[in-house]
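Across the two complexes that follow, subunit A remains constant while its partner is subunit B and subsequently subunit C.
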Partner chain A sequence: MVTKALRSLPAWVGLLALTPLAALAIGALTGDDGGATRALAATRLIDMTTSSMLLVFGATLGVSCIGAGLAWLVCNYRFPGRGWFDWVLMLPLAAPSYVLAYAYLDLTQAAGPLQSALRDATGWRVGDYLFPEVVGLPGAILIFSLCLYPYVYALARSAFNGSGGQTRDAARLLGCTGAAVFWRVGLPMARPAVAAGAALAAMETLADYGAVAHLGVSTYTVGIMRAWSSAGEPIAAARLAVVLVVICLALLWIERAARGRGERFADAASSPPSLIQLSPVRAWVCSGLCLLVLTLALVVPTAYLLSISLDAGPSRGLTDAVVRTLLLAITAAVILTLVGFGIASATRSGSPMARATQQLMSAGYATPGAAAALGILMLVGAVSTLLPDTSIIVAAGPALLIAAYQCRFGSAAQGSVAAALSRHPSVLDEAARTLGCSETSLIGRVHWPLARTGLLTGALLAFVEVVKEQPATIILRPFDFDTLAVLAHGYASEERLAQAASPALAIVLVCAPAMIAVAWLTRQRSLEASANRPTPVGAVPV
Partner chain B sequence: MPLTLRQFLRLAILAASVCVVSVGLVGCNDSDATSAADDPGFINLYSARHYDGDDAIYEAFEKQTGIEIRRIEASGDLLIERIRAEGSASPADVVITVDAGRLWRASEANLFAAMPKDSELLTRVPTHLRDPSGEWVGIAKRARVIVVAPDRLAADSVPTYASLADPALKGRLCVRSSSNIYNLSLLAGMIASQGEEAAETWARAIVDNMARTPQGGDTDQIRAVAAGVCDVALVNHYYWVKLASSASEADQSVAQGTQIVWPDQDGDGVHINVSGIGLASDAPNKANAERFIEFLLTSDVQTQLANSNNEFPATDAELNNPALEALGSPIESQAEIWTYGAYQAQAAAIFDRVGWQ
Partner chain C sequence: MTAVLTAMGVSREFAGRRVVDNVSVSLSAGRVTALLGQSGCGKSTLLRMLAGLEPVDGGEIRNERDVLSSPGQTVSPDKRNVGLVFQSFALFSHLTARDNVAFGLAHEKREQRNRIAQQLLADAGLADRASAYPFQLSGGEQQRVAIARALARKPSAVLLDEPFSSLDAGLRRQTRQRALAQLRQASTAVLLVTHDADEALSEADDIAVMKSGQVIDAGPPERVYATPATLESAQLTGDVNQLVGAVSGARVLTALGELPAVSDGYALVRPEALLVRAASSPGAPATVVDRRQLAGALEITVELSSPGRPPEQSALRVRCPLNSPWLSGQTVSISHLNATDRQ
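Now for the complex of A and B:
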């Protein structure tokens, strides 16, 4: 009885962490918004929804093309630097989209250094020439494609490496050209992986506020923030946010349903992929493409931020902020991963409650950060009326922040663990049970070792997300507790980009080692998988 | 050597407790909200200002009084929502936000307590810059101004906010998003003084005159004027002063290529907004909080506070900011700034109707 209760503990923790979303929904349904939602719906809501849809469509297309394309090159061809690109291409996930948006708009706008230099050199004036400014909808699509393609890249790479090598070789022997192999064999087999990665990217794009607001794209999330800060109606913001979460969940459900059908493509037997030798010119083109993406996604923005931060010097309290960020993110990553493991393990053992929690947790990921923060404040407000003498936020301290991260990013950690587990057939569990393994020792002696790489990947992903998170951290932190993301936001909101640059760069530097570790781990895993055992293509992490 | 679950759990619990304890130590070294009798104690400051220059002022207060300042900095909306959620147990003592409308909102939500009206220092702030019931007071003034490229548009051709609606400026105006609180308060001020219809007509004409879809912040609008994307922009004055007094040559040349116009000098005067401070309604350290508010209103500190962001003091304290003084002293609107708050929701609705993004 006790062990059973203990086993369902992680699921309860996961569910409890989702209560802010429930508070948001209750607030949305019962609160009074002073007619703000109706007014917005009568005016700009349709435009906002349209631009959100266009943005998500464009960004999803972008991340899929870049991510799947690069993964295909790296998994199939020999070209200079391939082994290096294999993992370095994961790195752009270390840079938050708002940092890229700030850097690119500053760099490419008419008043920026590039266009100014062009005008100085040629004597042209604004309007005499065309220049690709990173702004508006196309700019935002570019930014999200560059920031978020690693989701697709990582999953597609596992899929290409893990299975279908023989089928691809067979297709080539039967006379398929490289492109035909990609379109007719490789892509259909990796489709579930690409879709899963694209779904993650789509949710992040929909929930983003910082980058789109700066680039002047009025998306649905901008509408949410407007209802709150301009009209002073948090309830209207809650209503709009709940609709967004429901749409995201519907998208996820469609994606899962589509993935289910994709499993028929899985290989029974797989082999290590055989790399194809390219002509020198083509090989260098491949290297060039990888290098181009890497340059645009990481080198250009970080180099530009570095150059302007050198003028301004480091911002105040940078070292303290690094220490706090690391402590907070490491603690959160460990806790989120353990909770995730508990839920994934219980789901595998057939607990319906754990399965339900697993599904519900995606809602946290799809909620815009500020809306999640609002939900937490609404919940705190409800609890405060019960405990009028205690300041909940002060009493909970950093624990409240961890709970907020569990709400927002619990599914990212859980997904990696669940994916690692699902790579192994359930007959292993049945064998263990037959051999007298108790349900408790099944967790420690079977599930834990099987999930090992997934645990690390999950922890690292959670770490990166926590380091980048802004709204919840800003409003729920204890006194005098500035993290890197808080510093970057403070300076950026005062239009002091040069001073915001050093904390922004520090975010990238803190996240980069984690991304390298993720890349390395996923590579190990796929090599292991392809060498040892069949891998169901459907078993990709979400 | 691969870890077993048991070993890992031990390690993880150890690591997590070390982290939690250290986070706790770094974060809240003492979580009791009030202070002991002999110790001068502390105040809990909720601030929406993040200017580095403010730090020096806080340090001076700590040095002078021995009272420690503990801070949460976030946007005004988040701060208001946090205090509301914390209820009567909120540790907030004083709240600083950067827009009169937000101060009004906090006051409407009953988050502020009335300050002692007899304080001589409070009365140094003109009545139109503080709450009539004494719940909050302005501490620094900023003006919403017109910036032109004088080689393309004569400064005297845009002497008023109304002149920005001139169809001759079609495609020549840059302004940031209407989600920005300064635009909201500007339009709210117009609704208060000229009525909703006139404000809507003006906003519609501004949208027609825009050179581009609103993007970036106020500094980006000034840079765009200098670069030739547009000939005129509507911004807060301190962004221009910051460029003019910047160490960077590029920033200085932007300021040199542009010029500030103080609008409505023959009429109501330039639109003024404030950073303001309020005493939290359930302040656990009320006496210290009142000392802090009074400290911010002393003449020297007013000058310093204004200088930290190139603003104007809210009292009659001297300016002592050569770059700002060089711009002359504008005639300021005497509008009662708390009216902005009451009209902000209406202003947002107008922006939505006219399609000002």
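Now for the complex of A and C:
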């Protein structure tokens, strides 16, 4: 009895972490905002909707072009550095979009170093020339395209490698040239993967707050944060958040449907396509393109922020923020991964409740941080009316943050573990059971060791996401509990980039090793899967 | 002979479809029982029921002392003392061969565990492969590790779920003989689930033939092969000719003489039970219509010269020595090795 209760604990935790969504919906539907929502609808709603939709459209197009294009090059052509680019192109995920926004806006604005250098060189004055500043909607589209393309890249790369390598070889033998193979065979087969990646990127774009706020694009998230903080209208904020969640759930549905279609295209028996040898010039052009994207997405912003940080010195509160961020992110990563493992393990053992929780957690993944945080506030508000002493809620500050992270990123951590487990056939569980393993010992003796790469990947992904997460942390952090993301936002919103640079840079430096590890683990797995060594009959993939 | 694991009238349904229907089978120590049937006939479900991985909807499964499965009650697989070897072997990829074999010995001290595992690997001829991981082992080696692992807990019965089917033909026979010898030596009751009639006939002490969830024939291999209970049983255990004729009691009067009738009212004759001789010899006159070279034999198809009979009832396949002179179009005489002469 106790064992069963313990086994279902992770599923309960997962479900509990989703209650803020229910609280958000109830608050939005039943709360009284004194006409604030109507006023919002009359004034800024159309603008917010237009900006959000245009941003999502532009960013989706951008990530699809960059992600699918780079994946095609890496999967089909032999060029200098190809093996290295194969996984390094995932690293821009270590830099959150707001870090790129801080760097590029400052770099390209009239008072920034590029325009200053241009004026010094030509003697022109401001207004004498046109210069593409990274600001507003076009700037935001560029930023999101650069920092979110890895979502499309990763899925498109698996699709190009995993589906019909021989088909593309056949197309070449039938006279298709490189570009025609891409348009006629490669892209149509990888289209579901590209669509799935683009939907994920669109969800991230809609969830973002820091970058759009900094670049002056009025999206739903900006509206939510302003309604909550500046206007003091939590119900209006909740209503906007519900709209945003519904849009994100629709995107999630698109992503899941696209993945389902992609699986039908996948050809398990197919080997990756043979790499095409290019002329030296073309090969270097390929390397140059990969390097250009990597430079724009990671090297330029990081180097620029580094130069500013070195000039300005570390900002006040940086060390404390680093320690807090690490403590918070490590704690959250461990909790999220353990809960995810519990749910994945119970699902594998056939628990219907765990399976249902797993499905519902996807809704959490689609929930922007601002919406999750508002939901938690509403839940806390409802609970606090029942408590005689509210100091316990104040003390629970960091726990509320972890709850928001569980709601938002629990699915990502759980998904990594579940994916690792699903690579091993369920007959292993049955074998263990016939060899004397009880249901409980199966978890420790079979599921845990089989899931270990997934546990590590899940924990690293959760760690990176928590370090980067801005709106939920801004809303829910306890008083005087600034993390790196909060500190960077605080300085950036006051236009003090010199001070914002060091926490922003610290985020990249903290996340980069974790992303390198994730990229390396993913590469190891794909190398093992496509290893040339003949797979012995009956061998179970490692 | 004591039965160590017995299924009595067990049934199992999935979505209203009865995939195992009132099946009884009994496993005895030191004997190999083959469960023969085509894919989807329910044999793997029966095996999973015996292992405790599936509940039973009807009937019961018991060992020498206790009921292990009955409707609404299933002793879990870890408490049944039944070993199972999977078609894919299901070796734990994160453990070495030795640790795989020692997996089921968690109650033993580490040294003892390793000693037993090493001994079992040595018995399987894998003493020098103990530290190898599954991906470093060949298919045959993996199969031997899987059997050693199943034997480590000294199970009263070992269930083999087509464990040889994924091996190359050359390796299969050798591995199978070695594995079954090892199991017999350990006095374990063995259930070998297979769709390969040669495997069942050559290796088993008893055969149960399954079709559509039911056991349609059971007995020693010689009996099941020589006098199959039904046409389906005959077809599942090898090539067979179907002869019609006037039924007289338990026998059928055919063109080749009087032969035992199966329940459906035909006589069934294996190709190798027929004798082809020159047309002048005693027997039924026939014409050779096809000639095919097999591994180690020649198969000819003859058409009995029985006016008025449709071709499907007069064509017979006959297996003869490789150097037989019969050619297409030639007239021959056909007789049955065990038939009683025509009255």
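Everything below uses one rule, namely that the second predicted complex is superposed on the first by the 433 of 542 C-alpha atoms of A that agree within 3 Å, B and C clash if a C-alpha of one lies under 4 Å from a C-alpha of the other, contacts with A are read in each partner's own complex, and residues count from 1 in each chain.
Operating definition for what follows: contacts are C-beta pairs under 8 Å (C-beta built on N, C-alpha and C of every residue); 3 or more make two chains touch, one makes a residue touch a chain.
Here the structure is a predicted model, which means the values were calculated and not measured.
Judged by the touch definition given at the top, the superposed model places A:Val334 against subunit B, while subunit C stays out of reach.
With both structures placed on the common chain, the touch criterion links A:His424 to subunit C but leaves subunit B unconnected.
Shared-chain residue A:Leu105: touches subunit B; no touch with subunit C.
Of the two partner chains, neither subunit B nor subunit C is touched by A:Thr49.
Contacts of A:Pro449 after superposition: both subunit B and subunit C are touched.
Once chain A of one complex is fitted onto chain A of the other, the partner contacts of A:Thr434 are limited to subunit C, with no touch recorded for subunit B. In the superposed model, B is the one of subunit B and subunit C that contacts more residues of subunit A.
By the touch criterion defined above, A:Ala399 lies against subunit B but remains apart from subunit C after alignment on the C-alpha atoms of chain A. Subunit A residues 445, 449, 452 lie at the interface with subunit B in one structure and with subunit C in the other. Interface residues of subunit B facing subunit A in the complex, by the touch rule stated above, are 2, 4-6, 8-9, 12, 15-16, 19-20, 22-24, 26-28, 31, 33, 44, 50-52, 55, 70-75, 77-79, 81-82, 84-91, 105, 177-179, 181, 184, 213-220, 223-224, 226-229, 239, 247-248, 250, 254, 344-345, 347-349, 351-353, 355, 357. Across the complex, subunit A is touched by residues 48, 51-53, 76-78, 80, 82-84, 86-95, 103-104, 106-107, 133-135, 137-139, 142-143, 149-150, 152-153, 166-168 of subunit C.
Residues of subunit A touching subunit C in their complex: 424-425, 427-428, 430-439, 441, 445-446, 449-450, 452, 535-542.
The part of subunit A that touches subunit B in the complex is made up of residues 34, 36, 39-40, 43-44, 105, 109-113, 115-116, 119, 125-127, 135-136, 213-216, 218, 222, 225-226, 228-234, 311, 316, 320, 323-324, 327-328, 330-331, 334-335, 338, 370, 373-374, 377-378, 380-381, 384-385, 387-395, 397-399, 443-445, 448-449, 452, 471, 474-475, 477-482, 486, 490-491, 493-495, 499.
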